[in-house]
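In what follows, subunit A forms one complex with subunit B and a second complex with subunit C.
Up next is the complex of A and B:
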């Protein structure tokens, strides 16, 4: 066990500064660990040469006492749908298997500028279409908390950013970047027992994030503590001239109060009753009830609220997702980049065969369905209708967050993240992709509909020894309060993201 | 006063959390819970029995638009069930509700001047293409309809 893995980013960088630890050594160990834990399939590609080189430079900066930022020398992994200059970026799809971007996504560029060391690219569902990291060209990612990693008894990591969640949970890096369109960061964070943040839409640049659903996609952050998550957010957030959908107001870095200084007496917590849906496990319900109780004991005002349109959200999400996918996937034709089939009869024939060979069945069906829903005769009935219901869903949130009557107003919503602990791979794989997503995204995708920030935090272990997590949501750009309350809860429950990994301990 | 006391108590626990000395009892609640203990049922019409008719002409149109084959019975079944799934919101009253295209509809988003700001990157632009000829992308003959 590497003792420094238990440390916060702050403590890690402090120990670099006083010479106790070296970025190069930490990076080398992380790369060794990643190889040892190859069975998790968290990474689709490690970039050891670049990482060691970045670590070397970081080390020299520390020796000169000229650290470049709060993440200098901190090891980070990036989901494989973020463009990385001169490093393959595949979206875990045959379509982009050979794609090597000539530029960095803004998130990656900002991380590098802050001194972070990028270890490699992490596994995901093909083009981020999934909730399990089981539909990847490179095979499924396993959950480090599984009772058994070898037999077919292992648990899924969740998805679609399962590789990033798994890497952080296994201690292979201090933080990781994922993306979140309907819960793709929070869902695997919940299953893997790490913190997963979906920031406000437009707070973090999407430039270089290969698009799935433009109106909902946001870069997400994984870390083992709320404060580490804040450190990464502070490095990557803010307006970007390369993404016209970033919010133009300058970003003020978050600074969370010490846990002992947090005053909950002015905080109003809402429990949206519709989030207790069919299929919620008894253990998650118990966890939800207990944390609501803890908050009340801590002085917060806790009340039940209603978001009546929430239950429709999963259907609306499915429609909008497929429509935007149909449009976004039109770019893959095999000519300028991406998989090119061997068919030179005609342009259309080449496009069709390249796409047939490059996309998996999930991607193809979503494209076909999206185009059906967008047909001239269906456009209004499905697409526009979904956008109208989307407004109703978003307005539900506005009503509770901006209620003029103080009694009706809440600052934070507390809900489950996922309905259960991480399912067994064999159970999960027996469902269709749509059913997987419809069940697993129930509590997470409404936040994407409204563009509001949401965070999943691990609370405790289930009977089976698997993490159980809850979600907090708040009004747009209210990350400061959202993460303050998250860190208060974190302090109460004392969950250790690195605990209980027999496989891991045995192998080191 | 009571509230003040309990707050202080919890601050104490909070500072100790790292030592893992506190073991929370998840069965024990201090206040009447605000979390609904029974699932809140929401009524959505069962659309699974709605007959979805997709004629051959529509299928061919979809294939042309998508440039993806709808080649199996299973793919067609998935398409049909996705449409049934989408039909579940048909009954929701959206009279006088405008479509929400972007959550940033009230924000002034950045526009840029229509000026070239990058360039001199021909090699980089071309390097991901599988087939190039001198400085061109290469594609087979166009204007030939897709064989169906």
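Up next is the complex of A and C:
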């Protein structure tokens, strides 16, 4: 058993510094494990050569006692929709199957600068359109917590960043980067029993993230503890000249207090009643109320609040998503890069066939719907109306976070992340993509509408032995408090992210 | 057709239907019908007598609604312009890609310009500054907040599948431009046009079609270049007005240095919307003429299109809303293919660019994140119309001269330069020389006066010699040509070399005059009989004898003196 896998990033880097462990050795082991757990299908591509080379350089830095940052020598996986220089970036689609970006996404560049070792690219739903990591060119990703990984009985990892969640949950890396448009980081984090953070919109640069919905996309962070998550956030956050939507003010690194030092007496927690929705499993509900009680016992003021426009969110999300998808996908015409069909009889023929071959049904459906919704005659009725309702949803949050009356005001919202534990693949696959997303994104996508930060943290195991998680949300740029409360809960519940199934243990 | 006409006249002289037809005044319609039938006769060997055939046609025409009965109203033409001006900047509107014209194919392409996934637009501050300056110079209201939108269409040279433009909220609106209209042979008048909108947008790339190898190639150097689109209200009536507007706009943009205005490089592109209607009616259906490549073409293309529309309507045809290309070679507009389908551009806000805010507070300064309109307004130089007024007031020039000088910036520079350093020289001499001699020479040898290598100092020298009567106007004109061909030789050397000094010595002049009087005895007689014009012949003779070098003022004085005594 490789106990170091359960260490925190802080402990890992400390052991590098005192020579107990070597980045090179850890990286080699991680790559071996990744191959051994190929059945999970967490990675679409490992980059052993680059990883070992980076590890080597990291090791030399440690020997010279010139570590480049808090992530020096820490193994990290990147979702395959972040551009990585000279490494294929496919968005798990045929369209970009052979696409090798000539540049690094800002997130990747910052990770490299902080000394992180990038193990490879992780699986996802095509162009991040999904909530299960089941619609990938490379096949579905399995959840490490599944009762049975081989038979038809395995659990989905969630999505669309399922590969990243699965890799962290399986201990293949210390942290992973995902993206979150409607819950694509928090959803798989919830199913896989890891911490999944969606930062404030604009806190982390989107430059190099192949877009799904520009106005909602945020790079997300997976880790096995809140403090690890903070370490990664500190490395990647901050203004970026290359992304005009990043927040201009300089980023102040977060520093969480020790769990014992956390004082909840000034913290007001809100329980939005609209999140008690249809389809919420009894176990999740129970977990939710238990943690609410826990917080109250810890001294926090817990009260019910209302976010009245929550129910509209899923429709608004669906419209805005499809419109931006139609627009963002227009560049894939097979001319400059990407899949190009054989038919070159005319430019139109070339476009049509390249796109027909390059995109899956989900992508095509969204493009068609989006273009329909953007037609001059429909624009006002759908797109503009959706934008108006989006503002209402955002205002709901402003009302509870910035209420002038102290009684109505809350600092943190506590909600479920997903409505259930991870579903079985066979059950999930029987639903349409729209239903998969509509149900599973219910609690997560309002935060994307409002641009506020949200984190999913694992709480306990269900009767079936699967992780159950909850979500915390705060006002924009209040990550400090959000993650402080998350870390307090984490300390109370003592969830072990690596305590999963026998198959994994046996394989080591 | 001439032959047919003759036949027709012969055959129908006595027909009563003839009168009917004349009233109907549908000549063109008749001739179309007639020639069709003639063709039928030729190809199908119908043995129909021409007369009968004609009568049939006329009967047919007579049953159609008579246009002649509609009271005659004047046709009016309406012209509106859309101008795309490339902003002079070192990098593109949203990327660091270069902008130099004629760079090797696909060498000025940033990742964003090729729509490489994950890249995002970053607005070029310099371009916004230029846009604001231009807006202010054109009297626009600069909007405190403007926004960017995506305009979608598929084209191989549009890598993103959409163009980023400003549709909902443009950088500036409601400008006004007043400019002189120059129509050859007519009096100059001023026209004012409303500038509806000035928006920032990116250019597309360029497709190259190889018909021989049956393939298309794309050059993305132009993709993403910064453009200002200026949408003018349809306030114009003629091609000359449109050309004059563009000419003035070019002068303004050049003064501001916000656009090179080189139409031949595509740095300034003009699309014209043209319609005709009868007085009192609402505006007619308009056509759009694209691909107008020079200022001269603007006037030609619009005039052609107005006439085409008038003719179409006169022939009973209908104007359709279409896009037409200006074919400069054949001097006509041609309907573009593949444009019949109405495009739905599926506009959408550009989510990657936050709204563009500017500071409208008077007296404010620009900061890193916010441009101050007030600060930029202080950078605006003197505009062409102000210069004209200054020329009128300070230099006592007439309006026409002021317009010509301002229209040719290099002439204006020369004028101001020479006038400043040669105080003793009357302004009239200077501008006459510049306009009548320098400009005329350039036009004669088909040289853009901007590209003429003769320096202001050289021109100053010529004028100095001219003014001190060391040379005459003939020699001055000759010097222009000599300087143009020998740019390295100085004026005084050229005068020496080509022996251009004016002959002023009284003896030499008298000598020449005596000789001329001897040669032109007939003219002398006439002159002495009182025909004063005959003196010109004698003066001409002196000019010839002296190889155009005699001081004519002295020659005339001398001749008058010599010929006077014998008159008595």
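By our rule, the second predicted complex is superposed on the first by the 508 of 508 C-alpha atoms of A that agree within 3 Å, B and C clash if a C-alpha of one lies under 4 Å from a C-alpha of the other, contacts with A are read in each partner's own complex, and residues count from 1 in each chain.
Just so we're on the same page, a contact is a pair of C-beta atoms (placed from the backbone, for glycine too) under 8 Å apart; a residue touches a chain by one contact, two chains touch by 3 or more.
Keep in mind that what you see is a predicted model, and the values were worked out from it rather than measured.
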Touching A:239, do we find subunit B (first), subunit C (second), both, or neither? first
Go through the superposed model and pick first if A:100 touches only subunit B, second if only subunit C, both, or neither. first
When the two structures are overlaid on chain A, which partner does A:296 contact: first (subunit B), second (subunit C), both, or neither? first
Have a look and say if subunit B or subunit C is in touch with more residues of subunit A. B
Under the stated touch criterion, which partner chain does A:326 make contact with: subunit B (first), subunit C (second), both, or neither? both
Looking at A:351 after the superposition, I want to know if it touches subunit B, subunit C, both of them or none. Which is it: first, second, both, neither? both
Partner chain in contact with A:211 - subunit B first, subunit C second, else both or neither: second
Quick one: is A:336 in contact with subunit B, with subunit C, with both, or with neither? Answer first, second, both or neither. both
For A:450, is the partner it touches subunit B (first), subunit C (second), both, or none of the two (neither)? first
Tell me the contact category for A:364 with respect to subunit B and subunit C: first, second, both or neither. first
On subunit A, which stretch or stretches are contacted by subunit B in one complex as well as by subunit C in the other? 99, 102, 215, 241, 244-245, 248, 326, 333, 335-337, 344, 347-348, 351, 371, 375
Subunit B-touching residues of subunit A, taken from the complex the two chains share: 98-100, 102, 201-202, 215, 239, 241, 244-248, 259-260, 264-265, 271, 273-274, 276-278, 280, 285-290, 292-294, 296-299, 302-304, 309, 311-312, 315-316, 318-319, 322, 326, 333-338, 340, 343-352, 355-356, 359, 361, 364-365, 367-369, 371-373, 375, 381-382, 384-392, 394, 432, 434, 438, 450-451, 460, 476, 488, 490-494, 496
Could you pull out which subunit A residues touch subunit C in their complex? 82-83, 89, 91, 96, 99, 101-103, 105, 206-211, 213-215, 241-245, 248, 323-324, 326-327, 329-331, 333, 335-337, 344, 347-348, 351, 371, 374-376, 379, 383
Touching residues (chain side subunit C, partner subunit A) in the complex: 111, 114-123, 150, 152, 154-156, 159-162, 215-216, 218, 220, 344, 346-348, 351-354, 369
Complex contact set, residues of subunit B against subunit A: 3, 6-7, 9-11, 13-15, 17-18, 20, 22, 24, 26-31, 33-42, 44, 54, 58, 61-63, 65-70, 75, 78-79, 81-83, 85-86, 88-90, 92, 94, 97-104, 107-112, 121, 124-125, 127-131, 137-142, 144-147
